[in-house]
Every structure is written in structure tokens, then in C-alpha cells.
Amino acid sequence: MKKFMLDLIVKENKQLNNQYSLLILTSNDDLPEMLPGQFAEVRVDDSPNTFLRRPISINFVDYTTNELWLLVQIVGDGTRKMCSLKPGEILNLILPLGNSFSLPENKTDQLLLIGGGVGTAPMLYWASYLKNKGFEDITVLLGGRSIDNLLQLEDFAQYAKVITTTEDATHGEKGFVTQHSALQTEKFSAIYTCGPTPMMKAVAAYATEKNIFCEVSLENTMACGIGACLCCVTDTKKGHVCVCTEGPVFNITKLKW
Amino acid sequence: MVDLSVKLGKLQLKNPVMTASGTFGYGTEYCDFIDISRIGGIIVKGTTLRRREGNPYPRMAETPSGMLNAVGLQNKGVDYFIEKINPVIKDIDTNFLVNVSGSTVDDYVITAEKINELDNIPGIELNISCPNVKEGGMAFGTSCPSAASVVREVRKVYKKELMVKLSPNVTNIVDIAQVVEAEGADSISLINTLLGMAVDAEKRKPVLSTITGGLSGPAVKPVALRMVWQVAQVVKVPVVGMGGIMNATDAIEFLLAGASAVQIGTANFIDPTVTVKVIEGIEEYLKRHNFSSVQDIIGALEV
Amino acid sequence: MVDLSVKLGKLQLKNPVMTASGTFGYGTEYCDFIDISRIGGIIVKGTTLRRREGNPYPRMAETPSGMLNAVGLQNKGVDYFIEKINPVIKDIDTNFLVNVSGSTVDDYVITAEKINELDNIPGIELNISCPNVKEGGMAFGTSCPSAASVVREVRKVYKKELMVKLSPNVTNIVDIAQVVEAEGADSISLINTLLGMAVDAEKRKPVLSTITGGLSGPAVKPVALRMVWQVAQVVKVPVVGMGGIMNATDAIEFLLAGASAVQIGTANFIDPTVTVKVIEGIEEYLKRHNFSSVQDIIGALEV
Amino acid sequence: MKKFMLDLIVKENKQLNNQYSLLILTSNDDLPEMLPGQFAEVRVDDSPNTFLRRPISINFVDYTTNELWLLVQIVGDGTRKMCSLKPGEILNLILPLGNSFSLPENKTDQLLLIGGGVGTAPMLYWASYLKNKGFEDITVLLGGRSIDNLLQLEDFAQYAKVITTTEDATHGEKGFVTQHSALQTEKFSAIYTCGPTPMMKAVAAYATEKNIFCEVSLENTMACGIGACLCCVTDTKKGHVCVCTEGPVFNITKLKW
């Protein structure tokens, strides 16, 4: 897929709570094609401690309104600056980067999308994409420390059945995503997950045990995002591969997990 | 019209802007963003005799106005380059130079010999300065006798442009440059990365898997400029300057300090179109100051 | 309550935060902003046997995340320090160390002898690393024999804390550190500035009157951390780390890498209260991580 | 004089034209005492190319409204950022720094204040200060390339007789300040000047020739602004002295001009 460096316009910055913002970007030109699971490298201007671009997942794309959504969690100066952008300001992005989630084979497959914290970001676009392609049985399982870490629940509800866990029992079942009762009661045919590594490893262990197809979206420290610097490798059964080009989505059978 | 072309030893470049090894892949990674044939020269990523897996991750740390990398020369070996990469880049109208690294003098020599056979590759950049591999690389570039021996042996087998890339992690860069020139280098490029380190205070751990790594980006520009200036004062072969170039002004600073050409590395990560912008910016500068050729500003610093 | 005190050779500091020579004047310049007696130690500006006018202006250039200086050890000489400055700082309750520079070994020795007589000055920092004066300074710090000779001779006459400050402009910092330790240094501080250069592209001139100058600030932090870590691995005497410390996190990184204390330089220019903030930040970090003493994190990097 | 590091509040940012802004700062506390000729070191946040503080003259102080004025010309990233500050934003300053202009001896002395370009900045406070101290005969001579470079004419008119020169004759007499006819017709007893070095040197030459008391306000590259770094020296008959502590105001007889 052709990559672009684009100046997009901030249409709206919805501060979901003091940790998360949803940036709605648009452009005077048509947005390029992007796939679920891909990400953008965002240039953060006017931030002295942010030298390199920051990788941020494609949260949602609406071609009818020409909107690209980014869901950003404040963890440092770069994300803080992004979350304080005002409507009308310009954000420079390189996109779309990386591979994408794999389409399941049968429209009737029972699909589970698991997101932890800001790891839900790529899942919204994936859920909507699956729904649009005619998949019928989509469950989204979101987990977080507390209700504040469960994001975009209403958006997800348009495309999927939504179930949740929180560690403090403020929403859904109490505990971690891997402890959700649905994992015991349902027979999923494919699992897609993104979130903290321990969570993804637990999900992968579950999938391996049950012999379920499973893709995880990995994070890594990135400098270029386009396969030029070799800084973002992860260790696979085939050796070191770049997360920015051969990932971020990996089938767990390829990893040394 | 201003003349941007420069002669670099046995090479003729259409303009003085090249890309730095390890930061521009094989060039093709950037084709979506720019017409890479506009670039004066492309130094492909560090190539060794045998395939190398590179260092474990994490391999990167951001630092103030710069970054540390510990890639460790991950590459599939020179034969892979010859068989798989070279056919792809063959017809792109710019100078592709291969950055050659090794753990022993023999490694360097055999790799260089193999590349000498490739008609479309007009030169190599001998990397005697990689701080990220234990056995080789930087050790060669930090003492005069070892720098001399590797250049001498490679020169015997390599007939085209032999550019030698120096390490900045030395007490006296001029000594190394003079030795390398004496052994027959056609040009000298500098600087490779400065050896640095990053610590995660919260985790109480080094950020990089290798503890130390190579520092690049604007943070190193003052050191790079100083070394380029020092070397350009004493050697007769052309000098290629790099280290923290982010825009045309930075590139012009290196040319003024005595570099006949520049390489751009880390800046490509932030702006994949930076090379073309720098070429255009140099042209604009020359016009604005009424110079007819980039030659007019090379080493033109008034001291 | 956490214990911030550290032992530095013959010195006892109330906390591990000192100020770097040449950036904090004689301390009194900062009295409007902070209670300077809260600082663990103050290294006063570079002092030489005879008065020095320093270099012509311009002496300063801003660089990405850093600055170059070419002050050139401007000072009124050691006798002036003894007569005019020492009486003023005498009663301030912190450790004042004098940073001693010279062009010859004799210069160093005579200056150190004179300071040895001052009861209230518990130590000197021997600057064998100033890149901004032609005759002396850095030359001593960039070769083992010359570093050895100056430390040896000064050690003969100087009885109190002898801290030796190393130059980062060397191939092998560990060699120099070991030689300096062997000759009797009580502690080792590093890094002094990296030799750099700035060019004004529009004027086609160097920015500094001296062409090259010393680079400091966050840009050098990765290099400084690496050298502190390398040196702390091999020497037994305490190491004092500096280079680009802007806040408590930076200081903690140096402590984790093996420094028993830190010095803050350039950051004072941007925030004249930074020293106190760093002291408070270290205390806060120790509490948050349940350490009872700063000793617990010195060299505590898990590698 | 005691120095302070203060967070001041931007009350107003008057963009005089595309090159100059007048920043009106205020504070919840009383502003400290400042003298004409002194300056502040301004910290510029969120500007990756601005590492050190920037020295900016005290343009005007109004203790009744608790206002400090800074007149800033955009020359690079630091000043650009200052000139784009919005009301309510915070600016961190160290002040007051340096020495000040010397009060003349007699209230009837014929005083000339010469400012070139943004060098007029310290002159406004000086003119108002002199007027308040009872000096009766104050002339302000402002020069610039064009009318756009003549600043705060109306403010000056409250305290002094204002005369001008422009190189393109868009305001006042055509030419440089040193060519103004007043320099031939009037007998000034003291001259105070700030502006580009060539201008100040020409003024100093005039003053020397006519044997008039003359003070100039020098610029220099500064790192600390408080006499700690010794980066800002100028060469005087007594050797290198710091512009930030022994200046910025110098009597021309002390300089090697």
C-alpha cells in the first residue's frame, strides 16, 4: 500500500477523560485507504522533548465524512501535546503503516476482539470493518483497571456485542479480560487482541490451549515506522523482524511466546 | 541555474546530498515519498560478509535532540545484497554505495572484493566505526594501526571509490584521517555515531539491550562540524560530512566547514522527504547569495 | 525521612547535588534565587595561577539541546580568589571546592599549594579537561602520561579532597580514569565539555571567536552517562557525574549508572533554582520507591 | 537589586505589525522594582530550537496597573513564540537584570534618547522615568528603515518631544538618525542610545566629537544573564566585562570604540 506524509486538520479533540483524547482529523483531500491494524507516525511539533515521531493506531476511518480518528492516551510529553491540539490545528502524519488484521474465512465465524486500555484503539476500526464485510458474530471484550479505562463503549456497540472487565469491578465483570466468563462459555473461532504485553500473552496462552486462531498487535520502540532503521524488531521463530513492516499484527504461532 | 554537482574522488554526484547508512534502508523504503533518483548518492545499510541477526531489542532510545541506536548491523549478508537487492536498485539513476563492515580484516576484504564485481555500484563506504558490535567495527576506527591495516588491505582489492567512515569516539580524529588517506582512501566520511547510553530511572535499567548505543541526530551536530572542519583542514581527499543534519542550513554549515558532500541520517525518520528539501534549500541559498556553483561554498568558512 | 548524605572521598556532602564549575560563579550570584547552603557542594569557577582575560567574544553559541562556550578560563587568579572571594563565601554552610586549571604542571602545583592553605576549602577539582585554552587544560586530560604527571605532582602538595575532572574527548575514558586513580585522586568527576563547533551559514563564519568551543547541556547527556558508567565499573574511588542534568530524573540516571554525586551546570542558566528542585526530586524518588538512603541507588542499575 | 524568577501572566499581546509585538504582562503580586535600561531573561517554552532564555529589555513598567511591557521583534524561533503568546498564558522571567541609565544632573539638561529599530525598547521606560523625575527637556529620536520600524510613537509623545528618521522617507527626515537636523541645531547635554551597533557607534562618534555625555545599551550573546557564565563579555578599557552585570548600559568613554 502506498504511504503518504500528510498534513491533516484537527476537526475535533474530544477529551474522553483526563487521560484519553479522541482526535478527529480530516483533510481537504480524500483520505487514503487504510486497513484495520495499521498505524500512523505522528510528528509532534513544539514539544522540546519529542524528537521522533510517535506511532499511533488507526482508531477509525469514516470515508463518508472523510474522518480519521486517533485515540490517544497521555503517557509523556508527545502524547500530552497531541491531546491538547485544538480544532483547526494541523497534525503531520505518515500513514498507513504496517500490516493489518487477517479477515476470517466464514461470515459466521465467532469472532472475539480483546482490547486492554488504549490497546482498544485499533479494535474499533476492525470491528466496524468486519461488520461492514458482513461478519455477523462479533464480540468485543474490553478490559481496564477501572471504568475510566474502558473507552468508546458506545461506538463499539454499533458493530459488536460488548462485554467488559475491570479490576475494581466498576464496570462489567471483576478481574482481567482473560478471566471473563465468556472465555469459558463461548467457542470463539478467532481472537484479535491489542493491549499491554502481559494481557496479550495471557490471551495468547488461552488461544494456544484452546487451539484458536489468534492475532496480537505488538508495540515496540520505533524510529522510522517504514522499515528503514531496523530499530523495532521483535524476536520471532524466523529471527528478528520489524514490527513496523511485518507487524504490528502477528499471528501468535510466529512469535516465540 | 546553479551547478550543484560535486566530484567526490572517483565519483561524480549530481548534488552533494547523500543518505547515511542504516537510516535509508536500500532506498526503496522511501520511494512512496520522494523520487530517490534526485538524491546525489545513497549509502545502503551496513553489509557484512555473513548474515547478522543484530542485537536484541530494545534497540532504540530517544534522547534530547537525538536518538541512540543499537541495531548491531542486522543484515542478510553481502551475497543476499548481490542476489536480491542489487537487481532491484540497479536501474535507479543515482549512486548506490555499499556500507561495508566486518569483524576481521579478511571479512572486509572478501566483502569488498565481491562488491567490486558489481558494475552498477561505483563505490563502498568502509565502516570502521560502528559502535554497536563487539568484535569489529569501531575498534578498527579508534586506533591508527588498525585503521591503516584494514584500509590498506581493502584498497588492494577494491578499485572503485573507497570512502572510509570514521568514528568520532577518538582523541584525535586528524591522526586517523591522515592514516586512512595515506593508505589510499578516495574520500573520508564522518561522523559515525557517538557512543552513548540511556537509563530508565523508574525501571532502574538501561534502556538498550546492549546498555550502550550510538548517538545520532542534532545533538551531535556541533561535534560533527568540529571534526569535519579539523579533518578538512589537513587531508587532500574530499570529506563527506554528517551528523545531525536536519535541513539545508545544517547541510550548508558542513559544506562551509569543508565537506564536499553531506549525508543525512536520522532526519529521514522525522521527514522522509528531507533529502529533497535539503537539495532545494542548498540551491536556493546559492542563488540568494549569488553563487553559481556549490563548489564556491565548500570550505568557504571565513576564519 | 530519607538520608541524602554521601561520602565523597574525604568529603561528606549533605546531599549528592553539586554545581559544575564555570556555571555557578562563586555561588553568590544565585543567592537571590535559592539558599545556596542547601546544595551539597559548590565548585567555583576555573581558577588559574595568574589572572586570565579569557577569549574574545563571541563566546557562546546555542546548539540543539545544548550550548557551546569558549570562555577560556577568564578569572582573576588564585590570589584574588584567596583575598577577595574566599572571605565572602567562608561562612556559607556548604562545601566550596576550587576548580584548578593550569598551562604547566608547575602552575597546577603552585595553585593547589595555595588553596591547600585555606581552612574552609575542603577540596579542589583538578581541571585537566578545559577545551577552551590552547596551552593547557585539555591536553593534560587526553593522554595517560600527562594526566598521570599532573595528578602525581599535585597530590604531593595537596592534602585534602583531590577530585580530578576528566575530558570526554578521548578514545578510552577508562584508561585515563585508572591512571588518575593510581596517582592518588580521591574522586573523579566527569564529563567536562565535548569539543564542538558552530557555523553561521548566512555570515559564512564560525559563531565563536575561537572557532571551536565546549559543548554542554542535555545534548551530551547520553555520552556523559556512558562514560560515568564505564568509569564507575572499574575505579574504586567515588565518581561524580555530570553532563546535561536538567532535573531530578536526569540526576538519578547518573546515580544509578554509578555516580556517588552529580554536578549541575548549564541547567542553572535556564532555571537558577534547579539545584534545589533536583535535591527535592531525588528525595521524592527515594520515598516513592521506598529507599531509606540515596546510597541505595548509587550504581544500582540492573544490567 | 534583588533578582526574581517570576511567572507573569500575559494580559495582552498587541501585534504592532507582522514583525513586532508588545507583550503586556501582569502578576497577582506586586511587580518588583525595575530601573530603565534593565532587562529580563525570558524562558521560552514549547520551542524545540530555543534552549536558553532570551534577553529582552524592560520596555515599560506601570506600577499603578501592575504592568510590565516587553517590546519584541521576531527574528527567530524564540521571539516568534513570544510574539504568539495569548492572553492568560504564563511567561517565566528572571528580572530585573543589569545596570541602568544614569540620571542626569540638572532638571533642565537637554536630553536626547536615540532608538533604532527594536532598540527603542528600553527608551520608553527611560523617557517616562525621566519625565516623572521632573526632567523638562527630553527629545526622543527614533530611526528605522521604514515607518514600520518606528515603534510606540504615541507612547513616547506623552513624555518627550519625538523626532524621527526613516531611510525611505516614509516618516520624519530621510536618512539615518545621526543625519537628523536636530543634531546640528540643538545642543544636547546627554545622549542615551540603543539600537544596531553601527548606529550606536555613529552616535558615539558624534557625542565624542561634541564632547557630550553618552551612554549606549549593548547587546551580546547571553547564557545566564546574572554574571555566572562569563559568556557575554565586551571589551572595555578595563578588559573583558560582562554585559549582563556591568552593562547593558555603558558610558562610551569606557568602551574601546
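We call the chains A, B, C and D, going by the order they appear; numbering starts again at 1 in every chain.
One rule holds for everything that comes next: a contact is a pair of C-beta atoms (placed from the backbone, for glycine too) under 8 Å apart; a residue touches a chain by one contact, two chains touch by 3 or more.
Bear in mind the structure is a predicted one, so any value in this text is a computation, not a measurement.
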| item | value |
| --- | --- |
| Chain hops separating chain D from chain A, counting only touching neighbours | 1 |
| Given chain C and chain D, the chains that contact each of them | none |
| Distance from the mean Cα position of chain B to that of chain A, given in whole angstrom | 36 |
| Chain B-chain C separation of Cα centroids, rounded to whole Å | 34 |
| Chain A-chain C separation of Cα centroids, rounded to whole Å | 47 |
| Junction residues of chain C - those touching two or more other chains | 61, 63-66, 217 |
| Shared interface positions of chain A, touching two or more other chains | 48 |
| Overall pattern in which the protein chains touch one another (line/ring/star/complete/other) | ring |
| Pairs of chains in contact (touch as defined earlier), listed by label | A-B, A-D, B-C, C-D |
| Residues of chain A that touch chain B when the two form their complex | 2-5, 43, 49, 51-53, 94, 220-235, 239-240 |
| Complex interface listing, chain B residues touching chain A | 22-25, 29-30, 32-33, 45, 53-54, 56-67, 69, 71, 74, 217, 266, 268-273 |
| List of chain D residues in touch with chain A within their complex | 46-48 |
| Of chain B, residues touching chain C in the complex | 61, 63-66, 68, 142-143, 169-172, 194-199, 201, 204-206, 211-212, 215, 217-223, 225-226, 229, 244, 249, 252-253, 256-257, 285, 297, 300-303 |
